[in-house]
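Report on the structure given below.
Chain naming follows the written order as A, B, C and D, and within any one chain the residues start at number 1.
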Amino acid sequence: MAGFDKVVGSYEEAMAGLKDGMTVLAGGFGLCGIPENLIAEIKRKGTMGLTVVSNNCGVDGFGLGVLLEDKQICKMVSSYVGENALFEKQLLNGELEVVLTPQGTLAEKMRAGGAGIPGFYTATGVGTPVAEGKETKMFNDREYLLEESITGDFAIVKGWKADRYGNVVYRHTAQNFNPLAATAGKITVVEVEEIVEVGELDPAHIHTPGIYVDRVIVGQFEKRIEKRTVKEA
Amino acid sequence: MAGFDKVVGSYEEAMAGLKDGMTVLAGGFGLCGIPENLIAEIKRKGTMGLTVVSNNCGVDGFGLGVLLEDKQICKMVSSYVGENALFEKQLLNGELEVVLTPQGTLAEKMRAGGAGIPGFYTATGVGTPVAEGKETKMFNDREYLLEESITGDFAIVKGWKADRYGNVVYRHTAQNFNPLAATAGKITVVEVEEIVEVGELDPAHIHTPGIYVDRVIVGQFEKRIEKRTVKEA
Amino acid sequence: MALTREQMAQRVAQELQDGFYVNLGIGIPTLVANYVPADMDVMLQSENGLLGMGAFPTEETIDADMINAGKQTVTTVKGASIFSSAESFAMIRGGHVDLTVLGAFEVDVNGNIASWMIPNKLIKGMGGAMDLVAGADNIIVTMTHASKHGESKLLTECALPLTGKGCIKKVLTDLAWLEIENGAFVLKERAPGVSVEEIIEKTQGKLIVPEIVPEMVFA
Amino acid sequence: MALTREQMAQRVAQELQDGFYVNLGIGIPTLVANYVPADMDVMLQSENGLLGMGAFPTEETIDADMINAGKQTVTTVKGASIFSSAESFAMIRGGHVDLTVLGAFEVDVNGNIASWMIPNKLIKGMGGAMDLVAGADNIIVTMTHASKHGESKLLTECALPLTGKGCIKKVLTDLAWLEIENGAFVLKERAPGVSVEEIIEKTQGKLIVPEIVPEMVFA
């Protein structure tokens, strides 16, 4: 099935076609399940003027935070952007625009983008600054906001295992936003820890079917822990 | 975890509380993955005036078709209702109302109902009889219909395996509408082929998390095949 | 000669590309699977919730829990995935399927399609057809060019209630391959032995006939 | 005496019921997990995509891929499930979580809550808080009754930008348990040793004080 073989051999190839001014959707929550090496490749490439849609923007020096170092991001769509001094500086300087979006709305916007649903109603954010400039509508005597979907030129995703057809499974809570971003990229690139034989993944356990995936690459991951919490032994 | 033990011992208990005039969401596609015994229990109970939301209405004498025999259904929300002479007769008699809903819209309406999204926009049905009386809105120069979500007083679901907490996995394409219906019932009842120990299902492979499920019962299934197609040996 | 059902399937198969995800409707579209070129791989999507539909099972492997959107028992190919109907239509509605092939009663010069409802006949429902035509960019409609009574199915305006509005760009009939452009059918190819005159006669909607209309070529 | 953080968590834990699915916010709400009664089971939902959060791991079992919504490394309990953030918020938005406990800067007599943004301070974002307050029927807000400077946080109208409108019915402060009914705080219980007068003094919004206001009882 040559036509379905999505594995690429280099990170350069994985991110080929990414251009200044594009929109990139990134999976991950905090530093968990982030596409570390795809982010590093965007830094290496030096692509500028990016709009990045991701729940967070990494930390200083790791994750999406590294794209701030050369001011590659001009706009960030996120639910939470703390833990990042450079982010704060660029935001206060006006070098960086941020669109704060409730976490569940952000997740649903990506899912809707991938699913051909241009807009949906949610009670989340009614009566708050999030509602500014948005249409509202009553359903069953309650007010809801119209939220529009999000799609990206690229989606960058971190999986656990994938086969050559781009069927992906995620590991534990590293799933988070990854399968949502995967559906909503014009070009969806997935980096994984392991490539398995086609047929090895149970069809009923695949989190992201290959139809959503354009490129797959296998990488090495640091998997930095943001808040190391352990119990007494 | 006594508070999470959702297994009930009888079908009577499984459908306790179902009353005349209620709305029932049923999983299944054709005769595949239908909650056979929960349907049979509704027939036995004799509950009348039901609104049933299900992709199809079974066939004469099997599946939801059996609820037509005593005219228990007054309204059917489905995408396809062929293969059923009694259905046809009651429809032409005016004893039965049918709301034909595109299959993908029906699936999304149930998902939205479970997910607290009262309405969403889709291009499906624009310019067709499905659009009659519905709001439309332009997004990116294309016209979309506003479709409202569906919830039910009961959802009846057919799973493969479940644990006592109501975590469910489905078998093959018997998944279909089942996980969607499961999210959208005020009371969600799942009948399964096997109850497994809590912890036996991999957390990453659970199709329906137990939070959506109120009652679980183990049953015996006929699994009738609607169109038996085989290849030459 | 008008194309047989098998030839229609063969002609549609020429539109396949290696690596295509394809949704095939009931009837002639289903037959397309039999004509996938040997050097090419496609994956079949079935809207009940299956990507990677395989052949029919044997008597030994038949499984009531493994069916396609036509409710036929099927198998899966290696690399298949199975999911809910919501996920399945997310793929369809989201435009992720590369090619959709389905039948119709009528199409018109504005790309409208009518395929699910004949007034005063029993209405069985649209199933997934409305989602499929609204969601796909690349759709091929397969149908006979005219009814048994000689009435054209390629119209100025669909008379029957629509399945979708402005969705259709490619039509294969038993007589011709046509594309819809700027409010007209453009005659691209004719069935072997079928005259341009016959196609003109049986096309009610505006038809653009280029100087050269090649005959379809079958391998 | 004002309640300690631990006592506040203990008081909230009295609202738990066997079989509850619970989402606990960061801070005092997190501590509630330590006071689940021994004869009761609850399952903790974490909005990044986990139902059935367990204790912190050991140094040996710590795993970067297993975190909670506070980004802390955690474990799972038996019967846990893990899913996408869209599924997680489907649960939350769809009202499937039985109890949500979270902190706030202010609440008011109309059940409005402000918890995420202080103008002219750096705005870090709302995370999942807006979804949580909009999605849940049963929410307990935990916060100190007044600021360090003695300014009430129970107001006629929230001054800060809202997290949610008309969402809150129950508030536990370090001084009192209050419920919001018909545009007023109703004083249900007071912290042991705290006078009704002090609560009246520190409540800016309309406060209804029943004839008898029992002291909270801790096991």
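Operating definition for what follows: a contact is a pair of C-beta atoms (placed from the backbone, for glycine too) under 8 Å apart; a residue touches a chain by one contact, two chains touch by 3 or more.
Note that the structure is a prediction, hence the values are computed from the model and not measured.
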{"item": "Steps in the shortest chain-to-chain touch route ending at chain B and beginning at chain A", "value": "1"}
{"item": "Chain C and chain A - chains in contact with each", "value": "B"}
{"item": "Between B-D and B-C, the pair with more C-beta contacts", "value": "B-C"}
{"item": "CA centroid of chain A to CA centroid of chain D, Å", "value": "29"}
{"item": "Rounded Å distance, chain B centre to chain D centre (Cα mean)", "value": "35"}
{"item": "Interchain centroid distance [CA atoms averaged], chain C/chain D, Å", "value": "55"}
{"item": "Shared-contact residues (touching 2 or more other chains) in chain A", "value": "108, 111, 115-117, 122-123, 171-172, 175, 203-204, 207"}
{"item": "Where chain C touches two or more other chains, by residue", "value": "82-83, 89, 92-93, 135"}
{"item": "Topology of the chain contact graph, where touching chains are joined (line, ring, star, complete, other)", "value": "other"}
{"item": "Touching pairs among all chains present in the structure", "value": "A-B, A-C, A-D, B-C, B-D"}
{"item": "Touch list for chain B against partner chain D, complex", "value": "1-4, 111, 113-117, 163-165, 167, 183, 198-199, 203-204, 206, 209-212"}
{"item": "Interface residues, chain A side, partner chain D - complex", "value": "29-33, 55, 78-82, 88, 91-92, 100, 102-105, 107-108, 110-111, 122-130, 160, 171-180, 207, 223-231, 233"}
{"item": "Residue numbers on chain C that touch chain A, as the complex places them", "value": "17-21, 40-43, 45, 51-52, 76, 78-83, 87, 89-97, 135"}
{"item": "List of chain C residues in touch with chain B within their complex", "value": "46-50, 55-59, 62-68, 70-74, 82-86, 88-89, 92-93, 112, 117, 122-131, 134-135, 161-166"}
{"item": "Chain A residues within the chain B interface of the complex", "value": "108, 112, 115-123, 137, 139-140, 142, 144, 148, 169-172, 175, 202-205, 207"}
